[in-house]
């Protein structure tokens, strides 16, 4: 057992890298949540389920339509986004006038339906999804063996995160979004169709979840319950980062991935709860989260 | 109580029904309904009368079940002592949760309670006394006050009924107490309550602790009824379930959670022996309730039947 | 004579998981297996019809317990069979004793069911954690792989497996070089796999279950654990899970099971029938349900009554023989003794047909596979 | 309330409030004399409500000091300020919508009793407050509404209810934020008269746009503009101040 | 409530904007009680009235961002009541709200670029900078960091970019220093010269008198009078009673 006690620095390095990989998943998922919360004030409890749907769509495309990974990478988020759009238009929209908590409850119910329906149809064992040929294999970095696919996941999700951040903070469309978050009425009075923008935002937010699902499919078994446990952690990430803060979601996602990675080495039993401990501490010191604004 | 004879009659009829029920229906089922009804009522005290949505109430319910089961099984405590311990433990947990969460509102409050309850879940999985995923099994029911043999189904039933009625009465009293008045005022307009000189955080905290303790009482009772305490009761899905019961029955109505709990428990036990996917049905009910019947069954009834709406002071907060 | 059966009916309840983690390896397949057993028995015992009912315990101990109670109290169920999920099984064990009926556990793992939680009314049919640990450790060490590293689910099931397996490894002069406790429902194993990879141990043993095992196996393949000379041993793995993961992820993994469809003519015959119903080969859990139902019906027929004490006595006195069980026996603590087998998963190249997944490494006879009575903490067992 | 009029009961010194670099209130020195009606006027966004929020501790000032009866209350919590006898109303009507009018007032009346944490007592223990509550309701002409939910009141009546609720606490200092906003003519007169009446034994600081009422009621007027005090004094003086005309009243009649 | 009087002056020309019997509500409170207003192409028209008279509400009703409204608002032949709020500005109506509505999460440049261009002939950014020199060189500043007056300029400037032919200005001089008010007066006259039509809410009617063609006076949610600018002096007493100053 002695190897575990004195961890050589390279091994630690490997663990940090893995933490970063996980963190990029957290970042991608919490980014979607943050976008949705920022614009719609809805805590999207269905996010984990839609992440699962994203992975399943990829699998279905492969199994029944012969569409491979790269096609799925585009199509699955699109499908999930359209599902989100439909949900927003038909259901969520009716709740904006009442307490935000009803949005949370509605999406909670939707999550149950999605997960239950997939479980009913496809069972729980999950489905295998192969790593695409281009990304098979790995590199021996000396201190660890890094599967190429994992490297791709980090790169892809960081790219999407930064892209989203850029789109929201640095473009015209992003300016509309930010302005509409502050004062939707006035933005409407400038001739911008805010309701459509809100729908699209929700669609985009859940499409991010769908994308995360496709990225996850080759790593995890594609199973109906894959999102339900992850989502609670992602919520904690968003709360720590500050609800609605884009940058907060990204930075906290990565940071917590790293921290969790370290915990897995030094005290693995606690690695599932470290996020919640950090959350409690952060909220005591900064009630609005690390990057959040007091509302 | 004042409030016209129809109310007295209704109360009497319901009581009679509760007393006679075990002769018609299966007692364990009834006891389960009562446990969940008390749990939902306790939860409703918070959401319906203080406007706070806790998404972590399973921690109190399930946590207290472990405490009761352990005290009775391992320490050989009498059932009443076990229940007391469970209630106190849940109250203490509520105090800890409350101190952390109560300053936040709405969604933040919900998320924080959710996260805290996840900690309790992991503790329940890890601590040796909980026996991990096997739970504490074969908990003896013992003799209440050393006199009544609780292994007799009817004795157990009437004990559970008494506990439920006690808890319900306490909630009723709380809602209709000076404290309840302030609570309602805070729910309606917190800044105004502050400006009148109420330290609203303390009131909300007390409400939270009360609600947690009663949820604990329900959980402890359930542990005795089923003679086990397991992880099921501390999962976040259980927190969601109690929200569903309350929503379905009617938030902020006293009887609503009872009706909601009875419905959900019946539904679950019915669905167990069909091939319908349980979560889908539950989820669909959730969605329909949120979209169409936000007032819940009892709430809608009261809204529709003019005779019942003499005073609509128990309505939940909506809007912003 | 039909009159000897309490309510003119033999009623068997299949309490199983129809929606949760275990629903693929038990669930509808368990029900189907039970139906096959009843049909094969002719649908009646001495003229008394056999009725089968089922329910989903949703992996909740309280739902399982209340279903069991209602079945006994209201529905006059005579025996409950299957019960995946140890927490539910332990609760049902207790209730069955109080109701004085019969429970035959074919799917749960916990060896406590015939240990400190044993009752005169319960049989533990197919396997248990002790057997998995012992058979795997003994057989793997005997094949020359003696240094071990554990990936252990951080709850009672995982702890028990690691403890029991580790003890056997060391008693066989093997070495446990390290272990890491994996939190439950943890989808990402990369960090733990890396720790395993860094260890010089030859064997990486997965003391995990369900989705955890699947994700661990999938990611072990991704991180090339096999290529780096590690032998992966899954302490609990059902064929449905191997099927779901595919051979490229599972190849070369070693696992212990009491049943594989392609062992002999009898297993193949049963499995073929089962496959026609379910479009999947039976798991060892489901095969166990068939055996349990058959044995119960045989005992009822032989004893001419459905009164639990008599039936239990007959079941314990009768040797167990069915398509999967050769010379099995039921011990006084309720443990069914049967041969267990260590298999290795074939490589995609070795696999010749769909579901052609396993090759036998070695078998361990019934008397060596299970916990001896001398070590038992079952209160029913009178110690000298 | 025996304090002689004339001494300073509420004072702000160098009060400054910044919101993320935006200075809403800047170096405001305000002295409210006991027993007077003091009006705070100024264009929208001048910082009147912010000053109110600062004085009643709903906001914490960036800089400056607040003294109430000579005591520094800058670091106090809002509820504690109310307990000291300084109670406010809100600009946007602040009633408890789903309590009845009677209950609205009673919630305020029950506070000094100290039984407000008693969840085991019956509501009936509050029954004896009914008389006093009805008196207050009568004072603002709400008697016919007493058993209605506050939500059912027309806007102007809600403002009246708010005043009744505030009065229930028998505050030494009342801060009224636009108490007449949204009221019809007849209500304005009645409410203005009510304010005058209740001011007899207390101090009132109010924000109000209705200049004729301000002129009629107030002893002193402070004009705020862009967070700063522009002018202060009796109505006659202030209304002739050209700066005030320009910034607030308009220069058209000069 | 008696109906507001109908103006005859506007009836003669073609009204660009024609508001008839407009009622408006905020939730339960009924704040506009039958407003009648006409504005012709190229005119500068003011709404005068005390605080709370309903001037802002009238503008919000035109823009369709008020809870509920009934009656008729016609703009160049289009009926605005019932139209989706985001379509109204696209007809060529620009709105500068009372509270300015500068977005704090946007920089000055982003604020300026925010409203989409709806018609040809809007000002370019250099032209706006020439009109309001204070905004030059402040592009990267956070919008709400600007002084109140500068925010007002920004709010007007961003609407000028859009090319909207009718501009609703709600109290553009509120809280502004006299110099800036003067500057805005210059700007409004310049706009008028370029053919813009302007509906202006003003408390400061001395300022209004320097730029407007006609004045509507509102009280308690309806129009009580209409005074052409050249008759302002003759009507000074009346105005004093209306406005209470």
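Side notes on the structure shown:
We call the chains A, B, C, D and E, going by the order they appear; numbering starts again at 1 in every chain.
The definition used in the following text is that a contact is a pair of C-beta atoms (placed from the backbone, for glycine too) under 8 Å apart; a residue touches a chain by one contact, two chains touch by 3 or more.
This one's a predicted model, so the numbers in the text were calculated from it and none came from an experiment.
Both chain C and chain D are touched by B. Across the two candidate interfaces, B-C and A-E, the one carrying more C-beta contacts is B-C. For this pair, chain A with chain D, the centres built from the Cα atoms lie 48 Å apart.
For the pair chain A and chain E, the distance between C-alpha centroids works out to 45 Å. Averaged C-alpha coordinates give centres for chain B and chain D that are 41 Å from one another. With each centre defined as the average position of its C-alpha atoms, the distance from chain A to chain C rounds to 37 Å.
In chain D, no residue reaches two or more other chains under the touch definition. Shared interface positions of chain A, i.e. residues touching 2 or more other chains, are given as 116, 119-120, 269, 272-273.
Touching of two or more other chains is recorded for residues 104 of chain E.
By the touch rule above, chain C contacts chain B in their complex via residues 18-19, 53-63, 65-67, 69-70, 73-74, 86-87, 90-91, 93-94, 110, 112, 117, 154-157, 159, 183-184.
Those residues of chain C that touch chain A in the complex are listed here as 19-25, 154, 177-188, 190-192, 194-195, 197-199, 211, 214-215, 218-219, 222-224, 228, 240-241, 243-246, 248-249. Of all the residues in chain B, the ones that touch chain C in their complex are 26, 28-29, 32, 122, 125-126, 131-135, 137-138, 222, 226-228, 230-233, 268-269, 271-273, 275, 277-279. Residue ranges on chain D touching chain B, taken from their complex, read 56, 58, 77-80, 82-83, 87-90, 94-100, 103-104, 106-108, 110-111, 113, 115-123, 125-126, 149, 165, 169.
Chain B contributes residues 170, 173-174, 176-182, 184-185, 188-189, 191-200, 202-203, 206, 210, 311-313, 315 to its touches with chain D in the complex.
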